[in-house]
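The following blocks contain the structures, represented as structure tokens.
The same chain A turns up in both complexes below, where it pairs with chain B and then with chain C.
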Partner chain A sequence: MKAFPKAKLQEVLKTLASKGTLYVPALVDETHRYYPYRADIQVSLEQNSAISPKEIFFPSTEKIYNFTAYGIDGDYEEILPDRTACVLFGVRSCDMQAILCMDDVFLTRGYIDEYYATRREGATIVALGCSKAGADCFCSSMGLNPVEHEGADAQLYDLGDYYGIQGRTEKGEKVVEALAVAGLLSESSAEVLVPEEFVLQVDSEGIAEKLQAMFEHSLWDQLWRKCINCGTCTYLCPTCHCFDISEKKKNQHCGVKIKCWDSCMFNEYAMMAGGHNPRPSKKEKVRQRFMHKLRYFPERYGKYQCTGCGRCIAKCPVNLEITDVINQVREAKVNG
Partner chain B sequence: MNSLIKEMQALAQELLASGEVKGVFGWTKGSRWYLTPPLFIQKAEDAIKLHYDEFAINNLTSLLLDYRNSDDKIAIFVKGCDSRGILRLIQDKQVNPEKVLVIGLPCPGMVDKEAVKDQRHVHDLPLLRKCQECRYPNPVLADRTLGDVQVTKEPGVPIGITAERAIQKGVGSKGKERYQEVKEIEALSADEKYAFWQKQHEKCLRCYACRNICPACNCRECIFESDKKGWVNKAATTTDNAFFGITRAMHVAGRCVDCGECERVCPAGIPIMKINRKIMQDIDELFGTYDAGTDLEEAGPLNHFKLDDPEEFL
Partner chain C sequence: MVKDNATPENLAKATTEEIKRINPLIPMKAKVTKIIEETPDVKTFYISKEENGQMVVPFHTAPGQLAMLSLPGVGEAMFSATDAPDHLQLSIKKVGTLTDELHEIVPGQTVGIRGPYGNGFPMDQIKGKNVLFIAGGIGLAPVRTAVRYCVDHRDDFAKLHLVYGSRSPADLVFQYDLFETWPAVRDFQVSVTVDRGDDNWKGNVGFVPAFLEELKPNPDNTVCIICGPPIMIKFTLGILDKLGFTAENVITTLEMRMKCGIGKCGRCNIGSCYICLDGPVFTLAEMKKMPNEY
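Presenting the complex of A and B:
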């Protein structure tokens, strides 16, 4: 396999950054997320980023149009994202799978989100195989291979002192070619490092089907009791994609419409115009979150909407673990 | 510690079996050795699930807000720091003291799970900074106590069966240095301070974990819940985030019970307690030493007016 020495990572990144925007997982002000590469940035590939790369395609806040309104006269001016190419470097299998989930939502079934599509089309994803499972990782339990993901444009493998690289798509081959042209690649026959057994494991087989008969199950009466209904799980989740359109007004005549992340954990989320809230308490909100991940999404798109990245488990203020929920669903008795 | 856990289980079992309470908030052992998350039980037979150790860091008191409209009496286990949250809720008239049974526990000092190096094997972990700075290791209010702890409104050293271990680990050893981080920020120039907080607020995800875990954030409807009023909006920009962060800090000013939960739960790692502690320090300097949530009869300097209150700003 073609490979480059880990010691030459900076040169590799510089080469890729010279072709366009390059996003890398890095530590800035103690926050581990994807940032545009700069020579002085502290790149961190030791473990997965704390904030998922979804924000590159689906930012937490984006302006969608400016508007003016004077009586019945009004006008608007669309604000569309730039059609520039970018490379995402070091995306783990869990986050690659999550991007495919987001693709399902924003690009299929007769609806295309132009904002997402524009950013996504221009992106080349260079995935990075994991050689070590994080404390809260459980991707292998969700049917993923931590070492590689077929959805990536190019795949990096941990070979010890080297990173192996394979192009999978035309865009991915271009990345490999750019590195070859820069004289950074050599041949390596070293074995791909694989993670040892995961600490967190769960059997997710058949959970979507079992949940079909569990909407009214007593399990939900207990699960919500410690939840504080914050948005941590949903905002750290690489697949949660809910948003709300609201506005920032400059004055009574003009302003900007904004599209912001929203969370099914929040009270206003399901609030209807007349003031009725079909998910009034924590119970309904918690049920919705897990039902969406483990039943509705698989029903609609044929895959779980949880990829085992473990971010919600790591940061949930009350340690409400989706793996525990899956176990409880598995053990639950269903009448009839 | 095992005898204390047995006491907790026996008491919870008895309270639920007799029907004295309809539910009990405590902790249980989590999926890994370094996790002891919250647990709510309603059946006497579930009492054996209760657990308590140096990972039982969650302050459970804000969870009582889910029962504020309920007629059911709920029991809740509290450490010293947590117990101040109960006072907060009672003083803010969010919890009817008749409807809550507070069970005070001795605190062994909580350790830092962020320092775990081996997920599979138990190893020693450092005491949390907030526990080093702890001044109220014993419950300030409790209807029952276990493990020989004593209720006291005054700052002090750990009491009860875990006291020796707690003191040995350094619980309260840095109580006098609790404003150290505030002083470090105060030493910065205005521009540096601004840059520091801008960087912090830039990280905010607006997940509201800080607000929702907080016993002082007990408004029935938070202004940040709704943008209909046009005062705030959902944009997670640095400016809007700062508006949220500062508004929250000012709203809990004089009411923050110093449990540090907001900072612990922040997924973005914003040092929220620095700003809360700054306000506490200001209150101490302006009105004399005051610790919120320690005395049920004491309204707090920002909640009433005295003719000799300082008014340098006039």
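Presenting the complex of A and C:
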């Protein structure tokens, strides 16, 4: 396998950054997320980022169009992101799978979300295989291979002192080629390091099917009790795609339409004009979140909308853990 | 009856080939050309777009389909849209921030509109059958899209019967259709009721379910299209069942909060169906398979 020494990571990143925008997981002000690469940034590949790379394609807030207000001859002016190429470096299997979930939502079923598509189309994803599992990680339980993901354009493997790299797509091959041209690659026959057994494991097999008959199950009467509807889980989740469309007036005549992350945990999310809310209490909101991830999404798109990244488990202030929910569903008596 | 939208096979049919490469979130600039005051809290807006100096329909909608109407600076919401040759008709009840503001505008006003959205009524599959329309209040707006289709294609359908009710005579929407246009159509029985009459009201007084039970429409070879307030729907469905209408032959529309209209923003789901995309039209049989969360 082609490989480069870990000691030369900065040179590798510099080489890639010289070709276009390069996003790397880094620590800035103690926040571990993806940032555009700079020589002075503290790149951190030790563990997965606290904030997933979803915000690169689907920012928490983005302007979608300008408008001139009604009353005068109003008009609309589209605001699209630049169609520039970028490379995402170090994306883990869980987050790669999450990007495929987002692709399903934003790029299929009759309509394309142009904002997501514009960013996504220009991106080359260089995935990074995990050699150890975090305490909250359970991707292997959700059917993923922590070491590699076939959806990536190129795959990095942990070879100990080296990172092995393989191109998977034309875009990925270009990354490998750029590193080869820069003289950074050599051949390595070292073994790929793989994680030891995951601390956190759950049996997700058949959960989507079982949940079909569990909408009215008494399980939901208890699960919601500790939830405080803070929405942290949905914001940190790499697959949560719900958004609100709102607007901001610049002055009496003009304004801007804004798309921003929304959460099924919030009351306004499904509240209709006139006050009717089909999911009025915490019970319905919590049920919606887990049913969406484990039942509705699989029914619609053929895959779980949970990739086992563990962020919601790590950050939930009341320890309402999806792995625990999966276990409870598994143990639940249907018709109970 | 209607295609079972929730099945993975049907959902998988929506392949990339059908994908439209336009920015679906940007509204089309349109103009309100006429406003009809239907009732004290319902107005019908005629909306056209200007094209080469002429006012034309912004886009065509099939019966039961939806359109997203926006007032820049105020908001955007989804409404049932009635297709007409050179305009769309949106009948809107005053219930919130946007609709309050809409009720203040005058003809000539610029608005934004995008669509069409949703599946619409399965008119092709109803062909040759009797159609029983049941509506309450503003629920006549979506039902009217199907009524107009049947009237325009009168020979494609057998007998037509509309049962409509509102709170009071003043709250009856589309009175010009109820009392003029539709009674003149061949084999079209129009039955109107109000919860409370007034001095001039000579028609039936009573709730829709009770009125329907009295009218005893025959379920043979008949499809029922019903829209209205949840309480009316609930009791009317009981009567329809008693009269012998099967769940496959009862069609209704569901309402959820919507933002994007294109199945991305998440909030309008009922189970794995997105109402903006897979709905708003469902048979009662389909609804029975969905979670009861609307």
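Operating definition for what follows: the second predicted complex is superposed on the first by the 333 of 336 C-alpha atoms of A that agree within 3 Å, B and C clash if a C-alpha of one lies under 4 Å from a C-alpha of the other, contacts with A are read in each partner's own complex, and residues count from 1 in each chain.
Going forward, a contact is a pair of C-beta atoms (placed from the backbone, for glycine too) under 8 Å apart; a residue touches a chain by one contact, two chains touch by 3 or more.
None of these values were measured; they are calculated from a predicted model.
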Statement: So, after the overlay on chain A, do chain B and chain C clash or fit? They fit
Task: Check the residue A:Val334 against both partner chains and state whether it touches chain B (first), chain C (second), both, or neither.
output: neither
- prompt: Touching A:Gly302, do we find chain B (first), chain C (second), both, or neither?
  reply: second
Message: According to the stated criteria, A:Val181 is in contact with first (chain B), second (chain C), both, or neither; which is it?
response: neither
- prompt: Counting only touches as set out at the top, which of chain B and chain C does A:Val318 meet: first, second, both, neither?
  reply: first
Message: Can you tell me whether chain B or chain C touches more residues on chain A?
response: C
- request: Scan A:Ala213 for contacts with chain B and chain C and give back first, second, both or neither.
  value: neither
- request: Rounding in steps of 10 degrees, give the angle chain B-chain A-chain C taken between C-alpha centres.
  value: 90
- request: Using the superposition on chain A described above, determine whether A:Lys249 touches chain B (first), chain C (second), both, or neither.
  value: both
Message: After superposing the two complexes on chain A, what is the shortest C-alpha distance between chain B and chain C, in Å?
response: 8
Query: Shared contact residues on chain A for chain B and chain C?
result: 244, 247, 249, 262
- prompt: Inside the complex, what are the residues of chain A that reach chain B?
  reply: 29-31, 50-51, 60-61, 135, 199-200, 222, 225-226, 228-232, 234-236, 244, 246-249, 258, 260-263, 266-268, 282, 315, 317-321, 323-324
Query: Can you name the residues of chain C that touch chain A in the complex?
result: 6, 8, 11, 14, 16, 18-21, 23-27, 29, 71-77, 95-99, 105, 109-112, 255-257, 259-260, 262-272, 277, 291-294
Statement: chain A contacts chain C in the complex at 64-65, 67-76, 78, 80, 105-115, 215-216, 241-245, 247, 249, 255, 257, 259, 262, 264, 269-274, 278-279, 284, 288, 291-292, 295-297, 299-300, 302
- prompt: Taking the complex as given, what residues does chain B use to touch chain A?
  reply: 30-32, 35, 37-40, 58, 62-63, 66, 116, 119-120, 199-200, 202-203, 205-209, 211-213, 221, 225-227, 230, 233-237, 261, 264-265, 267-269
